[in-house]
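Which chain is which? They are A, B, C and D, in the order written, and residues in each are numbered from 1.
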Amino acid sequence: MIDKRVGSPREAVAGIGDGDTVMIGGFGEAGSPIELIHALIDHGAGGLTVVSNNSGSGEVGLAALIRAGQVEKIVCSFPRSANSMVFPDLYHAGRIELELVPQGTLAERIRAGGAGIPAFYTPTAAGTDLEAGKERREFDGRMCLLERGLVADWALIKARVADWQGNLVYNKTARNFSPVMAMAGRTTVVQASSVIEPGGLDPEAVITPGIFVDHVVHVPKPHHESELVARGARYP
Amino acid sequence: MIDKRVGSPREAVAGIGDGDTVMIGGFGEAGSPIELIHALIDHGAGGLTVVSNNSGSGEVGLAALIRAGQVEKIVCSFPRSANSMVFPDLYHAGRIELELVPQGTLAERIRAGGAGIPAFYTPTAAGTDLEAGKERREFDGRMCLLERGLVADWALIKARVADWQGNLVYNKTARNFSPVMAMAGRTTVVQASSVIEPGGLDPEAVITPGIFVDHVVHVPKPHHESELVARGARYP
Amino acid sequence: MSGAVTGLTKHQIARRAARDIPDGSYVNLGIGMPELIALFIPDDREIVLHIENGLLGMGPSPEPGEGDPELINAGKKQVTTRPGAAYFHQADSFAMIRGGHLDLSVLGALEVAANGDLANWSTGREGAIPAVGGAMDLVSGVKAVYVLTRHCTRQGTPKLVERCSYPLTGPGVVDRIYTDLAVIDVTANGFEVVDLPPGVGFDDVAARTAAPLRDARPA
Amino acid sequence: MSGAVTGLTKHQIARRAARDIPDGSYVNLGIGMPELIALFIPDDREIVLHIENGLLGMGPSPEPGEGDPELINAGKKQVTTRPGAAYFHQADSFAMIRGGHLDLSVLGALEVAANGDLANWSTGREGAIPAVGGAMDLVSGVKAVYVLTRHCTRQGTPKLVERCSYPLTGPGVVDRIYTDLAVIDVTANGFEVVDLPPGVGFDDVAARTAAPLRDARPA
């Protein structure tokens, strides 16, 4: 029988090791697997490379993971937030490395990694400062850059419903990076608000097939990052 | 108002010109837009390059289009069929050109074309006869081939339900190439068994967003190719 | 420089731009002034709004208390959906952008150059946190790029220039600029004024533009 | 060559291979003999069958009259689904394959070489219609590749060879071979027999194999 359920966020992230690369879903708070991130803070693995579109807000979730000093490098399209100085402070202190990637190139690099495509060409960022160090090549009269697929040791994502086999559906724009990160993570962990028996999801409407998922954790009422930030919460 | 409905398959394909490239959905009969293909036969455009996974069966649908002499070249992964000599006869007579592409590379090239990726590297077919003429390059110790994105003047596909804006859902394994062809066609025509008002599809379950679709034709009871072939039908 | 001139408010700029978006367009509105365009789409047109974090068919802001923190736009504000909406993941969203499926991207600017170069992601200032988001993808992929911006900075420095001094978002990408003082096309011959609001003269605009300007208004 | 020997039927070969597929595996079964494996999955195991035309969770053939011509497998035969099934498009399906997400691909063969080279898509014969389907994607992407085949052709020619004479599907890709006469691992040292059916001796197999063969059966 295929049953990918584990009992707690703590168990789900227990295998993350120092120096691992961890993809973390979400665009802002939408889709951010905040309970899994907090479990990773408790777990304590350090020297991590985090791949995530943003750098977190307030002092919870991803911002708290960064503040805890566990993140050595972040691969990111928009590491600025109106309400968090965690990343800027560490960045200015030279204590965290940033690889800045255009959002669409980031998404495509993650998909490519998950799809076994080692590299692709894109016109995005050609002729800008972000082409530094990248191979340039013209196709059909347009200058393009060679971009590499991204894979990660772990992907931590959030879903609305998971079945025991790891088939997933998401909630609205919280879907964002999660389906491609699920593909690119060697081990993919999902926290789902609802966990059901196989057969409960319409096969036509499954967004992430279970083959991409390793561990399913039931987190019935996940925190909303904006609510935690609004009331000045800190983790831990 | 956005209303992409047109009155008939004939109107939907009327713009196809001699020498155009036409992607045609389907894996075997599943997803093959047979009424649109028959309309293209009636329309008569010739010198076409067809991109499709197979070469048709019997003497209806894609096989009939080929037999009509309208196809100059086919880009295809599996142009053999147990019950059709249409393609083999023309191929042996030197009257149709074949570009043979592994199925996954074909799907990825179509997606790449639709996604604005001009080229990508894949390990598929490296070290085989199908690498002839392709650029080789090693990534992470694996030999890969450079493959180009594919776009087409037209994509002809079949869906289960379309709304007026062109949002689509499919039927089971008839989905196959249609979503990526919808992306890669400059003009995408869909025949749908059911056509409904916008708002009738669950936004979480839409497979092809309407942005990829240009014309929607209602074909309430599409023919099944295998049934036509079983009774020896020919088109026209 | 000519004397004081009163141009459009930011809402008026957005309204002016909205007038030019054809019925049936698929449009991405950038954060800030471009977002305001959504308020001014004429009733007789259906424009499908794309947000790059994964939605086609964005509707207005929710009523207070009705929103979902997981239904947000690129500016991370809560939004709603319209009939015909569809959700998709980031790679599919940027396939739409990069693949040229969107008709129009409307963005803000730090500077626009007469050759269409756009700078809007970084001041290049020492110590600033670099952050690019989807801007480079949008300008390189979408069929047409409009810029909405004040004609000059708060300090009065022209934002329309011969050559950008800030790092580029993309080279040669801007098609048209809507400012408080003018509607300006970016052409092979540089900036061309195609429309002016009441009370603004061509010379007022030329005096506040740091690049040659042609008057291309219909006679 | 040694005398007549009776090996396994094709159903018995499929049953033997099914025994070795671990619980919880994601598996793609090629057209022909590999398809038969689906009939012999032990009751106490859950194996998720992938079909490259867009389904995970393939079930058995439908009852007569119950099938849907749009729910077919790669061999274009009608199938059903199991609880937990999911449909997806071709690019996503081959992302699973190419990205190394499937545990096992089981394919037929024209020839397998001692270095793991597989030939199964073309006889290279003049005038044959070349057709490759998903075979090259499968062998280059999936974590493990098993071959199910008769040990020799109908003419008695060995299919396990030093070097393939037919065009390759992929170089160095085969991990294990199940034939009517043996289970053979492809190792850095070439072919190694790991199991024999009752009534078949190592020498019987060696005599019908056109490459060196080591006996690696557990003592």
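Here, a contact is a pair of C-beta atoms (placed from the backbone, for glycine too) under 8 Å apart; a residue touches a chain by one contact, two chains touch by 3 or more.
It should be emphasised that the depicted structure is a prediction, and the values quoted were computed from it without experimental measurement.
Asks: Would you pick out the chains that touch chain A and also touch chain D?
Replies: Both-contact set = B.
Asks: Quick one: how many steps at least from chain C to chain D, stepping chain to touching chain?
Replies: 2
Asks: Determine which of the two chain pairs, B-C or A-C, is joined by the larger number of C-beta pairs in contact.
Replies: Between B-C and A-C, the larger count of C-beta pairs in contact belongs to A-C.
Asks: Whole-Å distance, chain A centre to chain B centre, using C-alpha means?
Replies: A distance of 34 Å separates the two centres.
Asks: Centroid of chain B to centroid of chain D, CA atoms only: how many Å?
Replies: Whole-Å distance between the two chain centres: 29.
Asks: Could you check chain C for residues that touch two or more other chains and list them?
Replies: 55, 87-88, 91, 94-95, 97-98, 141 - these are the residues of chain C that touch more than one other chain.
Asks: Send over the residues of chain B in touch with two or more other chains.
Replies: In chain B, 108, 111, 115-117, 122-123, 170, 172, 204, 207 touch at least two other chains.
Asks: Using the contact definition from the top, classify how the chains connect: line, ring, star, complete or other.
Replies: Its topology fits none of the listed shapes; call it other.
Asks: So which chains actually touch one another? I want all the pairs, not just one.
Replies: After working through each pair, the chains in contact turn out to be A-B, A-C, A-D, B-C, B-D.
Asks: Which residues of chain C touch chain B once you look at their complex with the stated criterion?
Replies: Interface residues on chain C, with respect to chain B: 23-24, 26, 46, 48, 50, 55-57, 81, 83-88, 91, 94-102, 141.
Asks: Please give the residue numbers of chain A that touch chain D in the complex, ascending.
Replies: 1-2, 111, 113-117, 163-165, 167, 183, 197-199, 201, 203-204, 206, 209-212
Asks: With touch defined as at the start, can you tell me which chain A residues reach chain C in the complex?
Replies: The contact residues of chain A facing chain C are 27-31, 53, 77-80, 87-88, 91-92, 98, 100-108, 110-111, 122-130, 170-180, 207, 224-227.
Asks: Could you pull out which chain A residues touch chain B in their complex?
Replies: 108, 112, 115-123, 139-140, 142, 144, 148, 169-170, 172, 202, 204-205, 207
Asks: Which positions of chain C touch chain A when the two form their complex?
Replies: Checking each residue of chain C against chain A gives 51-55, 68-72, 76, 87-91, 93-95, 97-98, 122, 127, 129-137, 140-141, 167-171.
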